[in-house]
Amino acid sequence: MITLLPGPVSAGGVTLRNHLVLAAGVLGTTGASLLRILRSGAGGVVTKSIGPIPLEGHPGPCLVPIDCGLLNAMGLPNPSVEFLDEISSLAGQPVVASIFGGSPEECAAVCRWFQGRVAGVELNLSCPHASGFGSALGTNPSLVEECTRAVASAGLPTWVKLTPNVTDICEIGRAAESGGASAIVAINTVRAMRISVGLRRPVLGNRFGGLSGRAVFPIAVRCVYELYDACSIPIVGCGGVSRAEDVLEMMMAGAVAVEIGSAVMEDISLFSRIGKELYSPDGIPAREIVGCAHE
Amino acid sequence: MITLLPGPVSAGGVTLRNHLVLAAGVLGTTGASLLRILRSGAGGVVTKSIGPIPLEGHPGPCLVPIDCGLLNAMGLPNPSVEFLDEISSLAGQPVVASIFGGSPEECAAVCRWFQGRVAGVELNLSCPHASGFGSALGTNPSLVEECTRAVASAGLPTWVKLTPNVTDICEIGRAAESGGASAIVAINTVRAMRISVGLRRPVLGNRFGGLSGRAVFPIAVRCVYELYDACSIPIVGCGGVSRAEDVLEMMMAGAVAVEIGSAVMEDISLFSRIGKELYSPDGIPAREIVGCAHE
Amino acid sequence: MSEGLPVPARITRVIPETPSVATFEFDAEFSFIPGQFVMVWVPGVDEVPMALSSASSITVQRVGDATAALFRLGPGDSIGIRGPFGNGFPRGKKMLAVAGGVGAAPLLPAVAAGGVEKVLLGARSRDELLFREKFASLASLSVATDDGSLGLPGFVPELLNPEDLASCDAVLCCGPERMMARVLALLVGWGCPGKGYFSLHRYMKCGVGICGSCCIDPGGLRVCRDGPIFSGDLLVEGEFGRYGRDAAGRRCPV
Amino acid sequence: MSEGLPVPARITRVIPETPSVATFEFDAEFSFIPGQFVMVWVPGVDEVPMALSSASSITVQRVGDATAALFRLGPGDSIGIRGPFGNGFPRGKKMLAVAGGVGAAPLLPAVAAGGVEKVLLGARSRDELLFREKFASLASLSVATDDGSLGLPGFVPELLNPEDLASCDAVLCCGPERMMARVLALLVGWGCPGKGYFSLHRYMKCGVGICGSCCIDPGGLRVCRDGPIFSGDLLVEGEFGRYGRDAAGRRCPV
């Protein structure tokens, strides 16, 4: 396997310590857990998605590990503006705040809370299981463009995270680009469900949820590859990555950096483990492989 | 685990020997292989998709087994009308002919070839990797309705197979129902890609392909569940089923019968194996569980 | 077969233990380490963490929606169970157990497994002393009640004395957090916080160490996965005994 | 790590064997049973089945697009390899091998593994006799050429005689299908079709027994998975020697 040169990575205006970023919503509820992940070798971290008002999330079960992945319907639990206290000790670190809202104005308002406190924001337009929020916006290109524009106008580097649950993800990616996104993050979870055969009902409290982990890796690679052709802003790959080779594969599809979520369940120190395998002083510069599978 | 009463099953006008049906495109190229699967305990078989002209399919690689599933881009290879010779020896058996075309007229013409020769047709509107055919039609509700109407007018029981690669599968399901479908089959494969890190290029000859197998099971269950609420015609579940408990889960989501494709790779005698676990003389009638997870 | 999905469990018996606590026995058996917990799905209501009080039971205090719904179930009703999760109590020879209220639940199987010589049990009143007879048959038992209706009038930490502590290898502790914080403070005073093992309660959503809702300051340790049992030296600085977080992730006092 | 994806293999050496056949050695090694095949991905062109002629080589006849593209590659170029797939030849003690043309490729490792006492090798002409020297060093060798430029003028099945057959346990056979069909006909005539093991060629797309493109009549056996080696008794009725199917699934004569 090839290795990469270590060193800082620039991804849509955010400077990361390496290519490996903690995905939104995974151990991102407290400042301490974000710091733990940064110290364990992540190049950057994305926080839990923060919205205009505190939410307790859906009733449980909220998450079940299944063959090849995780199924979750957390329901965007978040402390809203109080979250600023959590991350106050993380100033200067590569922290990206994940934000959401029910309208362009709400998104922009939440974004402004984070001005001067984070390296960038990630606009979550894609959570498939919070009614009124998330994919209600994220499947509509003109709303995506408006929300992006409203958030980007705050001047922070603005990553826009897309849902794969659309007929044509490129259309949504182009809308984010027109709205002024600095980068696209693909993908959020894939809409899914499991039923408890014993209890004869959907297993998640919210019935529907989002699939993540190994199962979605080929879907994520496809989305990154399509977006790389359709858009000209950088793409951050996300979905099912769990080993160094997956990181290379995502980069060859077109990703400048990679987010990792579900795989943290198996191994909370996977950032350093992957980093050790991925980087070496005689590695190649990442630009040699980003998008190389398109040639 | 509960068991079901054995006996014939009626699914959208087709009488099956049990609830387990071979999915389209899997060992469905020859009459002999279809017969082999029927003899090994399938309740019915769907043929390889047959179109208006012979196609050789995409250049290889056409299929790669990956973690949790298969990735394929066969490209709808098929002998077209010559296929009638293959199935001539299967008269009277529970054979469903999978058909496709580039327009309502083409679909209808292919359907008419099969009149009097099969128990029903399955209209494949959903193959995500054949340009001009398949999902070009299958993502457009009015084309879905037109194609369905054209095919259903031939008078054969008409199953319509949907792609999950849409923002709202219910809209497509309702279109099929309006067009006169006797049943909906959900789902076809999920658009996906893998890249060979060693060779730095997409691994499929067609670059893009469709994901099937275990990885898509939670997506398929979700689609069946959504369609059960949106439509009033029967639903045949398909995607990632590999064991008796999965069959029950699909049925609880709303499926009256279940198609199995990828899992045949691991075990070509899985129809009898699953049947043994699923049925017993003191089992419950299937109607007690079809859709029960909606209560 | 069951992946990480909840395992269906049929309730076989409900044993009232105190006015607010009952043990729910079910037909599924889990191999577990005392102190480990399961996520209990009350269908249609919620999923909440509960310690296993034996291989096939949980012992539950009625406090809110999910627990009240559980109390409405009886033999023949089904719940779903994920787990067991977490690390469990350490094993040892000369151990002391300190239990407050329903905190006795995870300690019962720990004491039953052997190695605990003495149990200190507290509750608000005599009626509320959980598993008093069971503990008495397994180890030497001292009790304290807030209202003085049995044993020492006052809080259970007051039963802890330096002699017992000096002669024991470990103190296993579970109960209300302020009670546990008091025990930790005593251990710190006696110079041995590391001898204490505390079973923490935090808001849990996933149970498997991924969602982050149960993380504690300052290290970002996950109660569901790195815990729920932590040795006292890991808890002396930070939120323990001071605050936790609610379902939304807001800080709230304990 | 590599799941079922093609393993990258760098070509290390290309050895011309006959005017139309070359052996491609690569830096990846596969543990395999002689007779098993791999799917060889020529990037940008196609993926085609090829028998392993050793743990790290294939021996290829140039016939069309994919094979021509392979012949344009040289040391340092990479291909992708999936497999090995299929069942492989049986092992035995007193065996006979019958090879026609590039059919010698899977038989070389079978003969090298021991147990084959005699090899019957045929080709159009002396130049086209594949692995003649290698076979001669491993077993007793008889040859036939269509043009009579070496050995028996005529077809290789004619080298087969009842005495050899009576004294051997199995006949391993690979070559053009009509040649193999002739061998099978001889075995049937001598009352022992089950002694013959034939390595079949059918259009293969998946290689793993799922797509159905390689299925043969009458049993619907999958050449890629249930084969490619079948004993003669399974082949006496049906399409063998008569027709196969092309990439579209249309029947075509062999």
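For clarity, chains are labelled A, B, C and D in written order, and residue numbers in each chain start from 1.
Definition applied: contacts are C-beta pairs under 8 Å (C-beta built on N, C-alpha and C of every residue); 3 or more make two chains touch, one makes a residue touch a chain.
For clarity, every value in this text was computed on a predicted model and none was experimentally measured.
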item: If a chain touches chain B and chain D alike, it appears here; value: none
item: Shortest walk length in steps over touching chains, chain C through to chain D; value: 3
item: Centroid comparison with chain A (C-alpha atoms), farthest chain; value: D
item: Geometric centre distance via CA averages, chain D-chain A, whole Å; value: 50
item: Distance from chain B to chain A - Cα centre to Cα centre, in angstrom; value: 33
item: Chain A-chain C separation of Cα centroids, rounded to whole Å; value: 35
item: Where chain A touches two or more other chains, by residue; value: 66-67, 194, 201, 245
item: Contacts with 2+ other chains: residues of chain C; value: none
item: Graph class of chain-chain contacts, one of line, ring, star, complete, other; value: line
item: Inter-chain touch pairs (all); value: A-B, A-C, B-D
item: Touching residues on chain B, where the partner in the complex is chain A; value: 1-2, 66-69, 71, 139, 165-167, 190-195, 197, 200-202, 207-208, 211, 214-219, 221-222, 225, 245, 248-249, 252-253, 289, 292-293, 295
item: Touch list for chain B against partner chain D, complex; value: 25-37, 48, 54-57, 59-67, 70, 72, 74, 77-80, 82-83, 85-86, 194, 196, 198-199, 201, 203, 205, 261-262, 264-265, 268
item: Residue ranges of chain C touching chain A (in the complex, touch as defined); value: 3-8, 39, 41, 43-48, 78, 80, 82, 205-213, 215-222, 225, 245-251
